[in-house]
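Both complexes shown next keep chain A, but they swap its partner, so chain B is in the first and chain C is in the second.
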Partner chain A sequence: MKKFNLMFLAAASMATLAACSSGDEEASGGSGSEGSADVDEITAWAWDPAFNIAALENAKEAYNGDGDYEVNVIENAQDDIIQKLNTGLSSGTTNGMPNIVLIEDYRAQSFLQAYPDAFHPLTDVINSDDFADYKIATTSYDGEQYGLPFDSGVAALYVRTDYLEEAGYSVEDVTDITWQEYIEIGKDVKEATGKNMLTLDPNDLAQVRMMIQTNGSWYVEEDGSTPNIAGNETLEAGFETYKEMMDADIAKIVSDWSQFVGAFNSGDVASVPTGNWITPSVKQAADQSGNWAVVPMPRLDMEGAVNASNLGGSSWYVLNVDGKEQAADFLLNTFGSNPDLYQTLVEDIGALGTYSPAAEGDAYAVEDEFFGGQQLITDLSTWTDEIPAVNYGLHTYAIEDILVTGMQDYLNGAELDTVLESVQGQAEAQLK
Partner chain B sequence: MKLKKKTFRILRNNSLFIKMFLIMVISIVAVSLLITFSSIRMSSDLFMDTFSISNTRALEQIETEFEDYSFAIVAATNEVQNNGTIKRVLTQTNATTLETYSSYHDISEQIERIYRTVESYDANMIVLGNNELLYNVNYSNWPVSWETLRNHPISQYTINRPNRLLYQYLPSTSFTEEPMIVATKTLMERSTGEIYGVLYFPIREAQLKQFYEGYTSEENEVMLVDADGKIVSGNQEEMIGQDAPELMALAKEVDDEGLEYKDVKVFGTDYMLMAQYLPTYNMYLVNLVDKDAVLANLINTREILLISLGIVLIAVFIVFIISRRMTNSISRLVKQISTMAKHDFNVPVAETGGYEAKKIANAFNSMLNELQEYVDLAIQAQQKQRSAELMALQHQINPHFIYNTLASIKFMIQQGKKEQATDMIHALIALLQNALSNVEQTITVEQEIADLKNYVLINQSRYGDGIKVNFFISPDCLDCQLPKLILQPFIENAFFHAFNEKKLGFVQILVFQKGENLLCEIVDNGDGMEIKGDYTKEDIKEKRHLFSGIGIRNVHERIQMLYGEQYGVDISSVKGEGTKIKVELPLQKVSNSSEANEIPRT
Partner chain C sequence: MSQLGTKKAEVDLPVRTKYEESRRQKTGVFFKKKVGWLFIIVSILAITIFNFYPMVQAFLLSFQSGMGANLEYVGLDNWRRLFGDPTFIAALTNTTIYLLIQVPLMIVLALFFSVLLNDPKLKFKSFFRIAIFLPCVTSLVAYSVVFKYLFGIDGIINQFLLNFGFISQTINFLADPFWAKVVIILAITWRWTGYNMIFYLAALQNVDKSIYEAARIDGASSFQQFFQITVPMLKPIILFTSITSTIGTLQIFDEIVNITNGGPGNATISISQYIYNLSFEYTPDFGYASTVSYVIVILVVILSIIQFRVAGEKK
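Showing the complex of A and B:
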């Protein structure tokens, strides 16, 4: 276009007029103003519009600090966030990085350890005592608090009271039990109702993860990187319990989420031991209202094991880029110190936070008719505080991929010790 | 009326300028318009040609992208079809929990491996078994349950066409948030023809769009139209899912006839349509280019027009100034020349303006000067002629006068009045002497009065002294100059015409200075007369001149010829009371004897 104009001008031999057409080039350019630490817009990344994105929007409204900046909420698929963070942080560029990012707890340590300087510590910003202990363990590194805990992944056992009753059990009978007791009840339930007790997905060892956390153990050692498989008694107990469930034939095998949800929505299973975030899915089957109860997670039959565990959950992190002060200020004045926000989160999007002072709010005490008038949020909130803290470390998913195969071998008759040692060997070879 | 006249005059005066200026303006505008429009048209044509070529390339690129994707799908499909584990798991029934557990693990392992082929396209992969098994690699991409999917029309459609890889469009509904294009293939045991499952590769339209989005813009649209004429993908969101069979027909036509492009009108807009058939998809890739919009973006018509306008304005301005300067000087010249008659051709025109105008004015002025000279010569010749006439008249002393005077003298001598006769002869001699000398000479008042006295003496001697003549001469006037015999005709007039009824009276002659003028008055108290008409042109009573050929009329004429129009004779008369004649002359004294007798020329 420019070229054409110049041609035309030349043709018209009006060189003097050329100035008016070439003046607009300077308008663009000169965009980078990365030197300034004060920014008037900060960016936050999360992945679920119905859940954490909505929570951010709520937080924007609830913000009660006196900072003057815009918060730009951007939705990215979780895998994209992981990929972009990895790409960006490993190349050392802060260009295009958000100020606030939500990271799943299982993955948090891998980022904190790999890029400790890339995150802005919040140790002096938030009061760690206000949050559930187990969350602090996963969101801190090297003595510094990096994450602001967001949703609780507190696990619970969702049970069908009508099926239990049919088999001669009450809610009390499944409260604070061990997995062995659970299996026994499951057998009776299957005998009485023909329904399986739970679903199992051969490619997802969430059950095992929840089991071992009841005893404060994990796939890795305290350091977060050394695989802790072979000789891990808790894991052994978990595997054994898992096999017992398979042997007892009380599990319905599912291959994906739709089958998992479909199983309890259609009444195929008598219980769902999983994270509290399943509540909305359970309540989808409105015709089952009143037939459900939520009880603490069964524990492993071991010394020190508690009836509390966790599955999933995520936390907010502030990246060490321009605008980190504003980002920290935003988090402090929303998720970090605003109990009212947590009431809104519970009421509007069913998100249960891990901010202890929020538990005293009215929204937490609401009785849920679907669960027979149970004060579900209060209960979950209480159990949250009891979750044993573990360091999820760097390699949760990597090790689990190997464990999935190990479980196959074990279920097919291999010796547990051999299996675990083999997994340990593979993990060490792969991760070191 | 007046205004109209004025306007007309202005127009007429500027007609040269208006004509020239209008022609120039019209030419400049015409040339500018022609150049502007022809260059816009030429560049548009050129651009559209190159644009269609580059868009055809782009379409080929896009086609390659689609083929790559299709290839990945085909590869994955073949792997799934040939995969024993998947077949085993999908066909197994009545398995134990443990077997199921293993199967699910195994199939997951296989599918995850195969999935990597299409993973980079962000496509999902779903395997549906007839035995209620569903394996959905990316559940969040399409959260669908086994029952729903099994009974979905796309599954039915696929199962009815077991040997084909089909690409089906799935509009956005409650369970697919976004429109998707699903590649489907029936999984069939070849030996028995038994269908054991269906394989799905759903890809979100947004993902598919990335194959071509980089080549598009608002006015350069790309869309994918399936064989039923439904737009399954397009860079314009609102078009997706619409039925456009006419578009499909056009695309088919363009592709079948191998046209480079075709100008069409669809959706109420004129487009340049390019199309490419994607055989594996059984869909048409259609590229619509909104010509006008593209050109509007490419060629800033407004800017070009503005530049043209600027050039035209500047040129018109310059033309205005220059032609104004040129025609102005000529118009001024014309105006000056046309009013020349008012100024007796003696005011030269101003030599201003351009070279040509100056030259013309110069030539005109030289002509004028020459003309003036000739006019002067003509006037001089006329004057000479007139003065010669007057001289001739003056020299014509009436012979009767001399005859009568001599007769009177004879009677006096007979009567013995010797002395009286001698005086009379003296007077006659002096009178004749003065009268017959050169007519152009002036004489002093003193001499003139002496002549008049002689004349009076002769007349009184002849006719008696009933008419008294008194001379009142201011002494300071005695040496003043005046033309010869200028007063004589008036005294003659008084003697012979003023006293026809009254027999007695007097004639008074006064000569005095008044300001710069010499004033002579001849007053009588005779009969008086009625003055009719212009006495300067014709004598009131033209009588025979008794002394010389010079009459009263001639006196006036002579004075004016000698001294100018402000001088002359003034006659006032009242019937029964007398006549008063005033002769006004310039005051000329003898200062230099050498020039004394020269009459100044005017």
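Showing the complex of A and C:
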């Protein structure tokens, strides 16, 4: 009896295996699902219960279309989503795949190109003009719009007004400045207050990424895949500025997220240049209320650089599986066309979308006492529209890992040209 | 590592063969064969499906390259790429450094502790045994995170060194290429020393006490007893633990990812982490990732052959 059970188990596993490989063929032959099956439940994946999961729940409430289906919101860690998508899509099975998934903008192109036909185009579903330009560049591929832009990663400079005052500066003095001016102010602040101007994590070049986007440049060229490192003047300026900050001794070195947050929560640094999604973390230190202001990101001292940049941000994608029509319908009637939803998002969870028509709403004009009565959301959303659009391409994280090593060499005294040429060489060899 | 460990240990113990012999006498050879096959057919099938089949597939995959699902055969290109890939070379170098420093360090420590704990005059023996073995039951991620905070720039280690005047300025352990490696090595040593110690303790129980008695009568010092009796008697176990630790260290992943995430730069990246990065962190290239995986396979095979040679297995 036992024997037969076990035999059956073995046979069953064989069958499962066979099923996997047949799914593979089906997917490589074309799309995973021909014809539209009517489904009554669709699944959506996101990762942050306080942010994008909450946004999905709000969207369910706000849905005003006439579709009749359930939306099942599932929370997965972002790393898990990436792994599940990669393993699922490359094996060709659509079992267990969600209908809607949130993908970070830096990774979007690699998914869109690595798995052609795996995503359902939304070109005819949403109006691209309604969204910030820079988001459209990163969420479309080959002339088709695949992503529905979600949160803005607009970068800003969060400053401690009390520290600035102590050093003899006002908020105007740090508004629309260059990084060089920022460093000078940083030195004075350190002299007057003993506090560092900012935190830097040598293992994370987010700072450099934000700097080069102020001048519309990226690690790769327009085509999204050729490394643009050696001879990239913007990147050179970014590296030089980074080193200047290190040499000026105005940066507290951190090595992870909690140290980064801890530094400004405990009042150890006078400013935080980062994405606007940091607002809730800044506000955690309620005793610092009124001592903060938010100004536009400093720019590189170059012709054409602007005081607006981006860090992070993500967008919604519809997978090409059964239920894609419903998924597209859900997105269209929520994030795609509902300005009121964006008001709720701002009020309830502090999530700033990139849907332009929403900017006229009341919630955007609210004055934030924590930031001394500043109309924070209005400001951020104005700056969002000024972010230079760049094609993040395929290799942001791969190149950055090589760049981090190059940055170490550069900080230890190597020639910048040599460093960048070596990074270029390595990147070209690795990213064939 | 642990699974491999137990399997190997059972083979080495003589108890098993005696048991099998007594069974053979009681039941007919023919019946035993039939029943035996029925038992192992399941494992053979399961191993074939879940181990050998994926291994063959991964081997084929290692000759392909491309983004995500768009894989195509590229012959030996992946292997050529491997030797010119500075990140891979950094990962291999780091892993080798961990191996060469950490494994001997841990083996010596484990031996040392086991001999101390085997002393019949020692009090609170089980307390010490538990204390040293306890790290082995902690989750890899949990202890890694603890180590990360211990060695953080505001961490307790820095506070301690500062307060006692060993250093004048905090050391940023995790942002320094040298210290980051030291932290990783300390962490794995802490986690695995007790595990190896248990093997030595078990083996020490089997060493005949009269040998030590005779040695003492001949006037051998404790050092002489250790190097002339204990070490030779434990030789097979020492070999076994060094090989299992070597294999474990070759596959090191959790500690690196959670303590330093491979940084600063690529100063602590391991081969396994690089495989993960190639598959999930960057634009996925599963083909090249399998090539790198096969490097680990090859290294493990080479080291296992060495083990069989040195241990001098009869068959």
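To be clear about the criterion, the second predicted complex is superposed on the first by the 396 of 432 C-alpha atoms of A that agree within 3 Å, B and C clash if a C-alpha of one lies under 4 Å from a C-alpha of the other, contacts with A are read in each partner's own complex, and residues count from 1 in each chain.
Keep in mind that, in the parts below, a contact is a pair of C-beta atoms (placed from the backbone, for glycine too) under 8 Å apart; a residue touches a chain by one contact, two chains touch by 3 or more.
The shown structure was predicted, so the numbers you read here are calculated from the model rather than taken from an experiment.
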- Message: If we overlay the two complexes on their shared chain A, which of chain B and chain C does A:408 touch? Say first, second, both or neither.
- Response: both
- Does chain B (first) or chain C (second) touch A:257, or do both, or does neither? first
- Query: Which of the two partners, first being chain B and second being chain C, lies in contact with A:202: first, second, both, or neither?
  - Reply: both
- Message: Between chain C and chain B, which one touches more residues of chain A when both complexes sit on the common chain A?
- Response: C
- Query: Once the shared chain is lined up, is A:249 touching chain B (first), chain C (second), both, or neither of them?
  - Reply: first
- Answer with first, second, both or neither: which of chain B and chain C does A:278 touch in the superposed model? neither
- Answer with first, second, both or neither: which of chain B and chain C does A:319 touch in the superposed model? neither
- Task: Check chain A for residues that touch chain B in one structure and chain C in the other, and list them.
- Result: 9, 14, 17, 202-203, 253-256, 259, 262, 404-405, 408
- Note on the structure: In the complex, chain A touches chain C at residues 3, 6-7, 9-10, 13-14, 17, 27-28, 79, 82-83, 86, 89-90, 92, 110-111, 113-116, 118, 202-203, 253-256, 259, 262, 394-395, 397-398, 401-402, 404-405, 407-408, 426, 429-430, 432
- Query: If you look only at chain C, which of its residues touch chain A in the complex?
  - Reply: 38, 42, 45-46, 49-50, 53, 65, 67-70, 81, 84-87, 90, 148, 152-154, 172, 174-175, 177, 260-266, 277, 279-284, 286
- Item | chain B partner contacts - residues on chain A that touch it in the complex | 1, 4-5, 8-9, 11-12, 14, 17, 21, 200-203, 246, 249, 251, 253-259, 262, 404-405, 408, 411-412
- Within their complex, chain B touches chain A through residues 35, 39, 43, 96-98, 100-102, 104-105, 107-108, 133-136, 139, 143-146, 297-300, 303-304, 307-308, 310-311
